[in-house]
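These notes concern the structure reproduced below.
Residue numbering begins at 1 within each chain, and the chains themselves are lettered A, B, C and D in the order written.
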Amino acid sequence: MTITPPALSVFETLESEVRSYCRGWPAVFDHARGSRLHDEDGHAYLDFFAGAGSLNYGHNNPVLKRALLDYLERDGLVHGLDMATTAKRAFLESFQNIVLRPRDLPYKVMFPGPTGTNAVEAALKLARKVKGRESVVSFTNAFHGMSLGSLAVTGNAFKRAGAGIPLVHGTPMPFDHYFDGRVPDFLWFERLLEDRGSGLNHPAAVIVETVQGEGGINVARAEWLRALQELCERRDMLLIVDDIQMGCGRTGGFFSFEEAGITPDIVTLSKSISGYGLPMSLCLFKPELDVWEPGEHNGTFRGHNPAFVTAAAALDTYWADGQMEKQTLTRGEQVEEALLAIAAESGDPQARFRGRGLVWGLEFGDPARASAVCSRAFGLGLLLETSGPRGEVVKLLPPLTISPEELDEGLRILARSVRETA
Amino acid sequence: MTITPPALSVFETLESEVRSYCRGWPAVFDHARGSRLHDEDGHAYLDFFAGAGSLNYGHNNPVLKRALLDYLERDGLVHGLDMATTAKRAFLESFQNIVLRPRDLPYKVMFPGPTGTNAVEAALKLARKVKGRESVVSFTNAFHGMSLGSLAVTGNAFKRAGAGIPLVHGTPMPFDHYFDGRVPDFLWFERLLEDRGSGLNHPAAVIVETVQGEGGINVARAEWLRALQELCERRDMLLIVDDIQMGCGRTGGFFSFEEAGITPDIVTLSKSISGYGLPMSLCLFKPELDVWEPGEHNGTFRGHNPAFVTAAAALDTYWADGQMEKQTLTRGEQVEEALLAIAAESGDPQARFRGRGLVWGLEFGDPARASAVCSRAFGLGLLLETSGPRGEVVKLLPPLTISPEELDEGLRILARSVRETA
Amino acid sequence: MTITPPALSVFETLESEVRSYCRGWPAVFDHARGSRLHDEDGHAYLDFFAGAGSLNYGHNNPVLKRALLDYLERDGLVHGLDMATTAKRAFLESFQNIVLRPRDLPYKVMFPGPTGTNAVEAALKLARKVKGRESVVSFTNAFHGMSLGSLAVTGNAFKRAGAGIPLVHGTPMPFDHYFDGRVPDFLWFERLLEDRGSGLNHPAAVIVETVQGEGGINVARAEWLRALQELCERRDMLLIVDDIQMGCGRTGGFFSFEEAGITPDIVTLSKSISGYGLPMSLCLFKPELDVWEPGEHNGTFRGHNPAFVTAAAALDTYWADGQMEKQTLTRGEQVEEALLAIAAESGDPQARFRGRGLVWGLEFGDPARASAVCSRAFGLGLLLETSGPRGEVVKLLPPLTISPEELDEGLRILARSVRETA
Amino acid sequence: MTITPPALSVFETLESEVRSYCRGWPAVFDHARGSRLHDEDGHAYLDFFAGAGSLNYGHNNPVLKRALLDYLERDGLVHGLDMATTAKRAFLESFQNIVLRPRDLPYKVMFPGPTGTNAVEAALKLARKVKGRESVVSFTNAFHGMSLGSLAVTGNAFKRAGAGIPLVHGTPMPFDHYFDGRVPDFLWFERLLEDRGSGLNHPAAVIVETVQGEGGINVARAEWLRALQELCERRDMLLIVDDIQMGCGRTGGFFSFEEAGITPDIVTLSKSISGYGLPMSLCLFKPELDVWEPGEHNGTFRGHNPAFVTAAAALDTYWADGQMEKQTLTRGEQVEEALLAIAAESGDPQARFRGRGLVWGLEFGDPARASAVCSRAFGLGLLLETSGPRGEVVKLLPPLTISPEELDEGLRILARSVRETA
């Protein structure tokens, strides 16, 4: 595939140097359907990235599209601040009936603004307000967002350096497997909490991803999550699960923490919650934590009604029964099987893979290899990204609605890319 | 009008107590066209709030709607991270040709995430990175957003208290007119800067709104803005104009700072930039400030392509010539004239009004009166909100596309509401 | 005078570059009596600096010396942590009977460690603990110390830069005369406090020097101090007077704030409190503020008993009646009269002088001139230092016990130095 | 022993509630010689606390006393800011010839103010200035002082709470033995440093005590200290040894780190450096770190010349040869032997003891027992204090000059106190 350099010119001349994905995927994309994107030169790309987890139901999902077009065509209210609207009501009712009630989750729902970092900022503000303490514990290789509150609990040193101020009030603790089982879980964290001389400021909350996506597809075990919840209760800290990337069915169940049987105090959702790639986020919390004053947190785009419409349609369509979860786990097995072979044949003795549901990571010893694999895959028409602190992990994040054939096609391209970069 | 209480129930039972606008406007809105919203009970409301300035071209503007539907119908890429897309290119080209070039503005364009606070966070990060200093000066009654970076430069004590941590690295300075002309402009600020013993940490940047919307429709004079720019240059500080609410034509020109003839180092845009109420924001800066590393700031919804589509359509439709600016100023005169009479007949000797273009404020001595006016106006079918540190200012922010007749209708309702609350 | 370079060698080779006074006064001092120091080469120097205000009773004051020698000879306890000792009791009783009771001051006494910055740190900690707020207001050109808490409320940019971290939680306000009367007192401060949208974090306390020594001998008017106290009461902020340099009789009364008739909530004392130049400091506060838990603040040298001995002797000798205050004011008049002539004949139209009691400043338009005057004075056997943000003020701080003749001698050397540097 | 309540009255009525030692030792002390203090009622107390390590040469050591009296009698300069003086020169020369040269230590010497916390603040400022980074790593149960900079690297939660602001820029790491050998040394610390996604801000420095006194007499192994030094070098962090309590011979060698054969980048000394209990402290650092500007850090009592005199006398008397070190180690063996029996007979299966040189800790399972032991010992005429995060450790810190007979006497009282509290 050749990309005519002039085609990129306005991006190069006018857009900031901060742009990044467009560098690894040097095409000008135009339209997309299901698991495939198309660039303006007519090339098609199979999508194993799904908008960083924002497109769990694929691109321009026809059911959601119909609901969206209907809403827009009839001049449904688009921008609604935090006004009551029929679209918001429909969403809230679906969310309550399809998501919360069947799982016995008691949460209040907050619309904190349409992006993940808005939800994380709201969660942290609320936790600090409730507990009257500033400190928050996060985990090694966590990713929670780019605004200053979220960035302070994000691990990546390169992103942190962009803050321009010292990031404080956060303390990292080792995520599950950080020492490959050589150290008992929470040994360090618990000891710091119980020792009045440890120097740890007593945290208001702990924020955790059940599977760290940006951090390299690090999967926390269910028992680790349960022990964390127990520790939070015992030591008077709120447990925040940031389910922005791993929620909305990515790992199988609607929430990624369901498998562990825990009930976090606060949950953040975004990315695939609208189902159509439209900006939307939620902050959920136990009712007794709803100590907000009216308007104490606000934001212009909290009421993005087209997103409520597609979000309700997605819940109604995919989550009214257990089919989606079942299908995701089946697809996951398909991926796992393929990765087993790919890793074994990779020629890299350090190659490892891990995942849950439809999020998987293939780790190489050398980050350059991971990067080369993605680059080769792009040339072969497959969108893949790296993650991990050194970019050493190839991340597989296909739409949940991908067909077994498409999945197989992508896995074969991946296998070939691994082979050809050995 | 009567609102059946059960109609609100899911909002009351499930949505967080943080919700606010829905309390002042107790209706369930359903659809909207141009300057009017309609609730599910069939009542119509004339909109003098315009989504807090996000709907400058009215609700579901037909030209933008057509472009949006076309794009969605043809499965144009919706979610694009920061990938190059045809929709983004079309927007960038329109923005360059219609906005930047004719005004001789040299800016690079960054998509920092889809909300205003994303843009402010990016602006502050960039300024600090460029200057290697942490401190930023903001102004009394400034409003820049709710995430921790933006909140630290926001004045409102109630919002600030929600942070849960001490907000530092920001220092407030008096906005224009803060002492009603009794003190020379920038006397305090300049003295602090020149005095090596003042205790002011040398700021990396100054962030300012040309008209403070949330702060009470405080209008900075052009000469004040010019003097501020000059001070920033002389004292090695970057000038950031937060044009999120006042840009996109609200005050007449596309940028609110055009009238003053200044060229800020960094500009933030959001709210009406998409034109259709869709989440989108921009951070603009002089090319020499574009020191970002690729990916140093990121975010899931930076590439909200439907918003690019409506944004390009809005620019092409309304800004290719000077008609919109002219019309806004004319409408503004209509408002001013009406306010002159309304204030005079208000019975409140402290009543004052002020504004520019199509943003106006009517201040009362007693905040309760302002609140009562908005409440009465709602009963009469007009959406109005208060602003100002004590909520003492009734804010007029109609769509720029409002017809003279609609404007007159709304002003008459306002006049009646003022009369009936005397 | 010639200084043999080798004589300084161990200072140059072994002592850190941070040393400063020894650079302006290149002699090796050996002994001292009253108002005179003697170097090892037999040169005598009249002291117009008095250990930066630590030697109000002169060097090796014979009465205090006798008490000190008696105590040491009889093996009185030297190091006492915060144990009860007979020496501490004698000091506390003298302090209560001679200082507090006659002035009707209700203070509790805390020994926070032996240096001024220990006392300021304790004062700030206590104020924040009492009010539950972090922010503290200080004034332009304030000096409160070099440890991080004190440095954050110190104005000097050069000293602040040494912190190595951003100094936060402090906000500077204009000291008295900062705008030469062009702006009403506290206009800015009060407006920030009353405006809920100002962006000022509500301060726990205000810390002020009645006369800023390091800041350039800036003398606050009594009415300004009274208005400040009134403002603190009205706005629920504690008033801390840092009387480290200006207390112990420097301005006439024992406390520098007596003249204004105010009663600060917290007072810090150090420098001349021991009377003999021995490290000692006090933090005084109203009894209702004594919310410390036992040991919540500690320090190894809080119980420096030889200092208690000389401190008690100084109080008993000099403060049992009003003679010291009267004498200081008389000496002050002598200085003022001389400075009137010196400034007039200085040839510098910008030359100004100001002071109270026995602290005076002679300001020049050009800092180089102030520096030259001190340098010339040193050559003529007079120790003088500069102060002010640019070092533009020659500071006169002779011992309070100086004789009229010595004072006259010093003033004549100063006059000559000014003449010879014209 | 009975204490007449009125005797304490001025302490109770006038002194702040913050006082602490006087509560555990309810006597009014008057004089002291060698290892014994005497109260005003004629009772004698053997001193196993030595001014928290400030009286390594005993109370009113006759050799030092003679030097001090001579100096004061001849009117040697007492207060000298940072001027060159004959007393300072003599001290610097002794320090160079007796301490630095024989140990091949290249340090520059800074007088940062007379207390330990002044020295720590200076060390932290310098490290941050040199590295241009804010973060500092300290250890669990560290104690470095009470001013805000030092307190931020101190572990004790009770002391930290006194700050009144969130203490940031410090991160605690596990001290040696923190996990009783179950976890490899520095596993967590090193992993955080090498992982670019760990979330640890890269530290400018690491600050450590070789034996944690306040923290409970936790003794770091020599190999742990060597590994720490190596880690600091490898990861570009400065190593600061806070030798305030453990230096000046407390553990045997002059510096406590000599045994480990390391050369810290920065060393703080205070407490026993003056030898006579007079306030004095030093900050030592490698010459290449001496980037201070003249006067960038200052303080009124940096030049406490009587302390220089006794400090020089102490070095000349006790450190010109290796006798002191040898004697301390011998006395240490005497203590160790006694503690072995005392712990065994304590009836507390959790009783443990540990120490080096002449600093030892006897830990009980129940803090109340430790407290009871000290209280009983006081009644029997022995001064002992507890330490550790829960006060569970009885701390033995006798003067280094104690005779074997006195040491035995004290150990017997301790043994009896332990027995009688079983």
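Operating definition for what follows: contacts are C-beta pairs under 8 Å (C-beta built on N, C-alpha and C of every residue); 3 or more make two chains touch, one makes a residue touch a chain.
Owing to the predicted nature of the structure, the values given are computational and were not obtained by experimental measurement.
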Study note, to complete from the structure: Chains in contact with chain B and also with chain D, listed by label, are A, C
**Study point:** Pair of chains joined by more contacts [C-beta pairs], C-D or A-C
**Key:** C-D
Study note, to complete from the structure: CA centroids of chain B and chain C: separation to the nearest Å works out as 50
Review point. Roughly how many whole angstrom separate the Cα centroids of chain A and chain C?
Key: 58
Practice item. Let me have the rounded angstrom distance from the C-alpha centre of chain C over to the C-alpha centre of chain D, please. Key: 30
**Study point:** Set of chain B residues in contact with two or more other chains
**Key:** 134, 158, 165-166, 169
Study note, to complete from the structure: Per the touch rule, the chain A residues reaching chain D in their complex are 134-135, 138-142, 153-158, 160, 166-172, 174, 178-179, 182-183, 187-188, 191-192, 195-202, 215-216, 388-390
Revision key, fill the gap. So, in the complex, the side of chain B touching chain A is made of residues 8, 10-11, 14-23, 25-33, 37, 40, 51-55, 59-60, 65, 68-69, 72-86, 88-89, 92-93, 95-96, 108-111, 113-118, 121-122, 124-129, 134, 145-150, 152, 158-159, 161-166, 169, 204, 244, 270-271, 276-279, 283, 285, 290-301, 304, 306
Review point. Which chain C residues qualify as touching chain A in the complex?
Key: 165-166
